[in-house]
Amino acid sequence: MSKIAIMSSGGDCAGMNPAIKKFVDYSISLNLEPYLIYEGLEGLIDDKIQKATYSDVSGIVHRGGTIIQTSRSKRFFEKEYRQIAYNNLKQKGIDKIVVLGGDGSFRAFNVFCAEFGDIKFCGVPSTIDNDIFGTDYCLGVDTALNIISNATDSLRDTASSSKRAFVVEIMGRDCGYLALITSLISGAEVCIIPEKPIDLEAKKQKLLSEMQNGRKYIIAIVSEGAKQTTQIVNWLKNDIGIETRVTILGHIQRGGTPSVFDRLMAFEFTKYAINHLLNVQEQASVVVYKESKFDFVSVEYVNSQKYKIKQDLLDLVE
Amino acid sequence: MSKIAIMSSGGDCAGMNPAIKKFVDYSISLNLEPYLIYEGLEGLIDDKIQKATYSDVSGIVHRGGTIIQTSRSKRFFEKEYRQIAYNNLKQKGIDKIVVLGGDGSFRAFNVFCAEFGDIKFCGVPSTIDNDIFGTDYCLGVDTALNIISNATDSLRDTASSSKRAFVVEIMGRDCGYLALITSLISGAEVCIIPEKPIDLEAKKQKLLSEMQNGRKYIIAIVSEGAKQTTQIVNWLKNDIGIETRVTILGHIQRGGTPSVFDRLMAFEFTKYAINHLLNVQEQASVVVYKESKFDFVSVEYVNSQKYKIKQDLLDLVE
Amino acid sequence: MSKIAIMSSGGDCAGMNPAIKKFVDYSISLNLEPYLIYEGLEGLIDDKIQKATYSDVSGIVHRGGTIIQTSRSKRFFEKEYRQIAYNNLKQKGIDKIVVLGGDGSFRAFNVFCAEFGDIKFCGVPSTIDNDIFGTDYCLGVDTALNIISNATDSLRDTASSSKRAFVVEIMGRDCGYLALITSLISGAEVCIIPEKPIDLEAKKQKLLSEMQNGRKYIIAIVSEGAKQTTQIVNWLKNDIGIETRVTILGHIQRGGTPSVFDRLMAFEFTKYAINHLLNVQEQASVVVYKESKFDFVSVEYVNSQKYKIKQDLLDLVE
Amino acid sequence: MSKIAIMSSGGDCAGMNPAIKKFVDYSISLNLEPYLIYEGLEGLIDDKIQKATYSDVSGIVHRGGTIIQTSRSKRFFEKEYRQIAYNNLKQKGIDKIVVLGGDGSFRAFNVFCAEFGDIKFCGVPSTIDNDIFGTDYCLGVDTALNIISNATDSLRDTASSSKRAFVVEIMGRDCGYLALITSLISGAEVCIIPEKPIDLEAKKQKLLSEMQNGRKYIIAIVSEGAKQTTQIVNWLKNDIGIETRVTILGHIQRGGTPSVFDRLMAFEFTKYAINHLLNVQEQASVVVYKESKFDFVSVEYVNSQKYKIKQDLLDLVE
């Protein structure tokens, strides 16, 4: 019986658990033997690899994070440890791996699979940053957006009760996608993302004029990647002259019960990944979602460019 | 027909809208004429006082914040502006006010009512900090705790997925109540509150020993009032040696749909306040909730001591 | 200045308020004069049509339902009342209408616009049933699914605590889409939809065998449109022999804060509808979302076929 | 080392998991050996009793239901099976049990402990019905109320969008407590509970008059225990003449993440129960919460009267 494994790698996100559930159920339905690699690349090196049963994945669909944990690994950069990882897999007869992760993880696996020749992997784009080139959607984004949206809705309740500015820092290491969408759906007055520098002087004139006409509060959404949170707080306090409070959502954006959309995407991504590993010769591939269709691209393609937010979305930011 | 008004003052909190709704409904049922004072003390000075109808308060019970807005006012410290405020009330024939606020607001009204002699007020303790002496409960606390609890539950999903420490800063200017309760119900490993200094060296030994025995992540709850957020982040990074991330919940703790408990407390506080204003001679009083009973105390009493967290709760923090 | 109106028609859904907000903001940005028609077709006949300002739509993005209300109208079937409706619009100079509704509403407007010749409308597919032919998505579906998902997650907590069957009736007059997706994302053991009759005898054998192997509880999702709720309850009690409880979610599936996806879709649908009304001659059209693209189809096309759930989704039901 | 066990019995509720977590942690801190009895009385008979470790109860505080499952047992009514249950406990050296359940479960244990003489138990009132005499609060009530409140808030969104009546059936076998509180906090127009028969003719006149003055929708909260759901639906349709829809929440009221209040109460109830078992001679007792204080009463006392809703709450229903 063919053996297949799944692992998380890099940052976790909502949707990983539904993917793991589907991985086990679908593998068994195809008469494959499913394995779970615990603790990401570190666990792969340390042989934390276990055969999976239905009961390992029962009742996990609605849980955030990843029950098999994840990690980043410095050791995996060294040939010596990759050899150990390879031996661990071979010893169990595993030659196919589904990797829930981001572009960095896919790069690492690309090297690994090329190196040893008889291991195949298929990556599932999983990061709330939504910053992987080649796919319109990464697992976890919809859940993260809804968690952020709940937070900004709450903030608006209290904001509309007094004269204040609120700065909310949103995750996204290099990519302002989450911050941009949050600005749109919350109707934020200020949106700061790395992709589109803001003219603070023009914005200041606009806000001051609105405040003279009755505007009482300001919500500013700042992408972590813009590294301007402190600057914007000071600008609001000193240049706009309004009492200002800060919210840094941090990792609560990563947790939470997976949304319906993320569950469905997790199921589909995983099913496509397994089918691809079974039917196609490629050693390394990534399943992507483009214009409502699932497709496969190479790791080289995914890493060939930086993800760019679509222009029509960027145009919506004043 | 006797005229009665309600206003918010100081920080807003969940539960104010149900209180305003009850105020209008109950006043009308008693044949009183209800008024809404908009924008707190600033609106009182600027005569933003309007007669209320059923439709003003329809559909607000489940909304966070306060539809009549709130403010802090420097002008109200000056006799000149208090005189204007008084004139605004007298002109409309209003001589009874329900004040949703904290001890600072009650002090201001105590001065105001003593000064003019023919205005009475009853305060309803309203602050998520739960730091008003003389009452076991302040409006908004239960909702804030449940919002925080949702956030820390989400965090635990992601925390249990990788090896990290998470620092969550919780509101409470001088009082660690919210942070303490959050620590208890989320099972946080570290709890930093102003009321109980922590022995960081002992805690360090404990955490390091637990980590050697398999502990993977740490959640640290830090009360804003302890002013130690940065210190704890650095301690975790440098002394404990674990990657550390920060969440500052900020004002999302103040918003959100009022919980059932806050709606019920809002209804009761308001009913008791109105009855007291109608039946008792006192010019200034505060309705309190002590050991499951509603009662009334003087503003002097409320301000006579600092609120203290009960010792048995403090004992639960290691 | 050109005048344009928006109305809800038929059943309400989450996403209507963000659409109304966008309608007003976007119209003003294009120098159009926006109007709100209150209470659907009934309000159109009774002239409940008001010019809209920013403040009419402030703070509504996160509210479920539709602030301009909706209705079904028997009177609109009569020429006499359509004439009155037409006169109301002409008197105000309104010749373009965005209609948030379903295929029935679009049919009614198609007749209306053909009849009078100088009124144009563009429909936005809005129904949680997701049963409009020609579009992959109808406004409100994502929010409804997430509300249902919360409910079934809660149910699973309690289901896994004791030996019982739970039947959940899900909305969908003729279409099992909501029930089907709910079955998938909740891992329900039984899924009853009108599109795919179930072999109860085979299912009985399967469940009995699973129960002998340790299965403790059963969740059955039944589409309202299948009209089999009572039958399935009795089958579980008598044929399967398990204590059975029923949940009928009813209209709570229609309410709730619009999800991020529904807000974004509401914004896009509305923007496309307005642009189409301004730039295209057609009197009657419907904006649709097909394979990640927005497009326009005729009312005749929308009504030419019954919506069919995609075969690959149906195949997922055993 | 003294051995102590915990079990759930009867219906499950939110708060049981935090109680189980606290039971294990607190027992270990007191140097007791904690055991979990799985599947309630059935599991007690079938010897599903396991020694508990920290890891058995890690990450369960925020989960609804009970991880040790619960049951009702006919066998436990027979001496023969009680003898087996007793033997199971003695064999492991367990002589103290915390029982999370309702009055029926407490009665069963009262018989059991009297029969064998050297087993003690302490009951923790756990039922969302809040119908146990002798305590102001039963575990699970606050969570259930907040789940119901979310549902009725959603319903009001959609209700206020069209002219309709909505009937919501709320749990409570004999007791209308949940329905009564739901009526109050949702401002329902009709409240049907077994404790207070409604004058339908008077209510009809009132509603019809309100509808003539502009009332558009009606929300009717009906307690399951009143057995009048169908009657009220027909009354609204036929006598009031309004289109009517039904929601039966069912067991989703029992699930859901435990609220902060239920977590705190679970911790306290459990701590008091363990202390009592260790320090007091009584064979059978129930920990209760009366006027903000924890106390202990006998099983006979709990069963001496039917729980009555306080008169001042009943008076709030028109």
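Each chain carries a letter (A, B, C and D) given by its place in the written order, and its residues are counted from 1.
Definition applied: contacts are C-beta pairs under 8 Å (C-beta built on N, C-alpha and C of every residue); 3 or more make two chains touch, one makes a residue touch a chain.
Values in this document were obtained by computation on a predicted structure and should not be read as measured data.
Participant: Fewest touch steps from chain A to chain D?
Facilitator: Each step joins two touching chains, and the minimum needed here is 2.
Participant: Computing the C-alpha centre of each chain, which chain sits at the greatest distance from chain C?
Facilitator: Chain B.
Participant: State, to the nearest whole Å, the distance from the C-alpha centre of chain B to the C-alpha centre of chain D.
Facilitator: Taking the average C-alpha coordinate of chain B and of chain D, the gap between them is 29 Å.
Participant: Using the average of all C-alpha atoms in each chain as its centre, how far is it in Å between chain C and chain D?
Facilitator: Spacing between the chain centres: roughly 36 Å.
Participant: Please compute the C-alpha centroid of chain B, do the same for chain C, then give the distance between them in whole Å.
Facilitator: 39
Participant: If I count partner chains per residue in chain D, which residues reach a count of at least 2?
Facilitator: 153, 156, 160
Participant: Graph shape for the chains shown, where an edge means the two chains touch. Line, ring, star, complete, or other?
Facilitator: Contact map by chain: ring.
Participant: Each pair of chains that touch: what are they?
Facilitator: Going through each pair of chains, those in contact are A-B, A-C, B-D, C-D.
Participant: Which residues of chain C touch chain D in their complex?
Facilitator: 8, 11-12, 14, 16, 63-66, 69-71, 147, 151, 153-163, 166, 168, 216, 245-252, 254-256
Participant: Which positions of chain A touch chain C when the two form their complex?
Facilitator: Answer in residue numbers: 18, 21, 59, 61-62, 136, 142, 145-146, 149-150, 153, 156, 160, 181, 184-187, 257, 259-261, 263-264, 267, 291-293.
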